[in-house]
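Shared chain: chain A. Partners: chain B in the first complex, chain C in the second.
Moving on to the complex of A and B:
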């Protein structure tokens, strides 16, 4: 049973020290994890070379911690052609993170343009673009991605296109609602009264207001996009086998579950941890900058 | 209510038309000749020309679009190039298996997800809440295909408790249903928790408390019922994610549903079946959302009255 809280003692507030902004610990944790991944993706393949066509039959399916025939230590074991799993995962981190970032840049660009056009100019264009967004939201996005990917065939560029096409709507909606709020504010009217053109108002007044919500959406979506890329690759519709993203490695490992559990499980753990980090970061950023976006 | 129903129905038809149009455009805009895509690169030019004529690819785009709409309206997706029978029939044969899986997964998510969300909200900022929230975050972040593989590895291969593939007994259902349910369940936990936390501070909940109602009555008819209203909509929308998830889960567990047929047809370039499967999944999604919208209008009168102003 909740009762009305008694008024806090006057000295309690200063004793608490400066109010901590919400989510600081979560942001630190997530950024640390993400930084480790990015560093591994950038530096890893340089330190531990990965050659996608090499086969070393003597080193096939070695369990984690084994010594390979050339004396190296296979920390996470080797796969069905004797490739070091860690080297493959470091290369995969590059692919997955690069695909994720490229997809978000493309989806974000499309979304911001559509959102600004729809929100700022309104009218017929707004109706048309938002109905298009509704139709797409009413269509399972992974299904659309599978359908387009099936026709385009597996390649890194195609994955980026497919995922951008199925992810721009969230950006467009958030930007549009932000534009609608900003458009009517006094400083925008003032700018226009001073003779600023449409382009100037959009660039100097409208776009800066969209930065925070777009960043929040991008963080939340980055985790989703990396997951979607892995799912497509797992189905054989994502990155081709010569560019092993984590999804490709897990799909390969599925055929060797009986002999080599590590091929499928370790990359999946790495993937889940990264997506968790983006989820935590997205939540924390949203709580701090834009609590209205809660439903994302 | 009738006007609201008519509006929702019109929107559903509009969405389906949009889906059909997107499929048509994607098929035609993809670089490369669909006839060549279907026949493969070893086809002779004569075969390609014959199929082009048969598919109407030599006619103007708008004529093709009209013919395509007419075919779809007659539910004619042509024959399957790989299996005997017409494409739509093959897809419809697989509906019961997928529906069974989806319904079990959905029930599991609702029966576990909503109570867990309520529990977390009622004990907000305690250890229980933290554990539930972390579980929900991990559930949303774990790739379902990977979860399925780990399930097979641990429960089927190591302990031999459950079958790893196929259908036939309730035991066959456990791994696929749990794998499919988990991400959805995790979303439900999160939404229920935040929804309940929002209403719990509303005036009418405080009033209920202030007039001395027992906590049980405050929570169930007042807080939880209202917190669940927005969840109905999200369940409808997220159901699409669940349907998309069946494609992956069916592939992992060799479940004989639409999803696996779709993936198999893609790898064999059987585009008639691919289109029919995509449209059947999209249609069921649209129908479910129509039901959800109607339900929502019934639960919350503000919604069905909103469009009239």
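Moving on to the complex of A and C:
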């Protein structure tokens, strides 16, 4: 080997830092944003008391940064009845995030059960459940949500039910496809040859394999669900006015857009940022965990 | 050549074989139509004996193992005929729960690819211990201790530390040892090993085979070794069963069959092994297409002994040349003498 090797550029590469797993920066950014929201939702209403039925007409429609009549600072301004917008939004964050999480737990539970049953047992049950899912996917989910919400009436619990009913399909399909892949894997056979029954295989082989994809779906869906909840509330079909979610606040501000833009705009921006953060997080998690994307 | 006096070589005459497969027929629905990868296969395994099941890819040897272990992929594959008797109990007619209770304590299996046959999300100690927890009601602590003991027994160095590792942290040979540890955990009477060394490095293959045989002698298990590697089993197995197109081509004590094959296919396989001769002699043609098997003897298109009778009439498995030997060939006697 008399050829003198040129200085390998590969040696210089590690100096740029250890190879990061895909999406690390995006995951950190999104998690930071979400953490700020969650902290605000948990701590905010404790610091800034909000009374949904109080009215202070002296402080109506104050722009952001104004002083209220009792000397407080209205950072985001006040709304049409003199309520501090920031306090209202912090309270709304609680409702929105709580509804989102509760919805996903319910939708995830339904979806995972349906997906496992359809994927593992197959046959007639699979056909029935997946056609049901297809029908529901073909139907606009917000329309379905409006329909059910109109039937059940506005309440926080009903919003959770409505949104869960229109969101279980994604979980079911992802879980089913995962179950179909895992069911044929050799380690499932190996577990069976040691005397494992169906329930044991589902619990020890199938469900653990579903955790990563379900988490990815849940992250993406959480943004969607929070948005859907705001949409329903905006339409008056979501949380009642006494439970101010962001949708309610935005709907209230709609009539005052000309003279008080902040009432609808600031919660709208807050909502958009949170939904985007969940979207980014979901995409980044999918890049990291989805084996199909990895092989591309 | 006399059978070894200490072991009755004629296992088929054993009053109660541990495993008896009688006229087994397995069918699969495929895009190409109904195929029959196992078509009238019969064999017996005596307690404590080692049977090598040999055959090319697609000959039906793995499907047979799947049928015995109840692992046929549903709903595509199903047993459409025959019986599988384990200790006199027909596994095909007993309730699923009863058969399931046999798996683990009485019969177990080792698979070809040790990585895909271990659950990637659990530590190996947990997976080995699981067997004790399920079947023996062991506590977590007991199961872990038992797992460490087993890992030591199958020759995994530093077992106490490695018990908390995940399967991907093990080398191929070590993974197969983990698989073997799980399979022998409850001292089964029958261990089916489906190509246990095929996915391993050559240097590791011999170690794993040696482990299997030493465990077999220690526990007195019957061992069914499924392989396409004639060399791997030559020193290990007592008897062999050569499968071709889902049927038995030849069976008998392995040494005798290797030295004096009675089926042209066996003879062809022997001639294609690297040995004294300078050039290897391949078997002409390719493995049979199960969707379009030729009439008569399935081997006749590749057989230099083939006559008209072979093209018309399927040869039954019949006794030839000594105790325990049988071949499915119309001209077995000529093959024995000539070749």
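Simple rule for what comes next: the second predicted complex is superposed on the first by the 272 of 296 C-alpha atoms of A that agree within 3 Å, B and C clash if a C-alpha of one lies under 4 Å from a C-alpha of the other, contacts with A are read in each partner's own complex, and residues count from 1 in each chain.
As a working rule, a contact is a pair of C-beta atoms (placed from the backbone, for glycine too) under 8 Å apart; a residue touches a chain by one contact, two chains touch by 3 or more.
Nothing here was measured: the structure is a model prediction, and the numbers come from that model.
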Contacts of A:48 with chain B and chain C, given as first, second, both or neither: neither
Contacts of A:265 with chain B and chain C, given as first, second, both or neither: first
Winner by number of chain A residues touched, once chain B and chain C are compared: B
First, second, both or neither for A:137, with chain B first and chain C second: first
Chain B versus chain C as contact partner of A:98, first or second or both or neither: neither
Which superposed partner A:186 touches (first chain B, second chain C, both, neither): second
First (chain B), second (chain C), both or neither touched by A:194: second
Contacts of A:33 with chain B and chain C, given as first, second, both or neither: neither
Chain A residues contacted in one complex by chain B, in the other by chain C: none
Touch list for chain C against partner chain A, complex: 66, 69-71, 73, 75, 97, 100-105, 107-109, 111-113, 116-122, 130-131, 134-135, 179, 182-183, 185
Parts of chain A lying in touch with chain C, wherever the complex brings them together: 122-123, 184-187, 189-197, 200, 204-205, 208-209
Contacting residues of chain A [partner chain B, same complex]: 1-2, 131-132, 134-144, 146-148, 150-152, 223, 227, 230-231, 234-237, 247, 250, 253-254, 257-258, 261, 264-265, 268, 271-272, 275-276, 278-280, 294-295
Of all residues in chain B, those that touch chain A in their complex: 11, 14-15, 18-19, 22-23, 26-27, 30, 37, 137-138, 140-147, 149-150, 152-153, 157, 194, 209, 215, 234, 237, 240-241, 243-245, 247-248, 251-252, 262-263, 266-267, 274, 278, 281-282, 285-286, 289
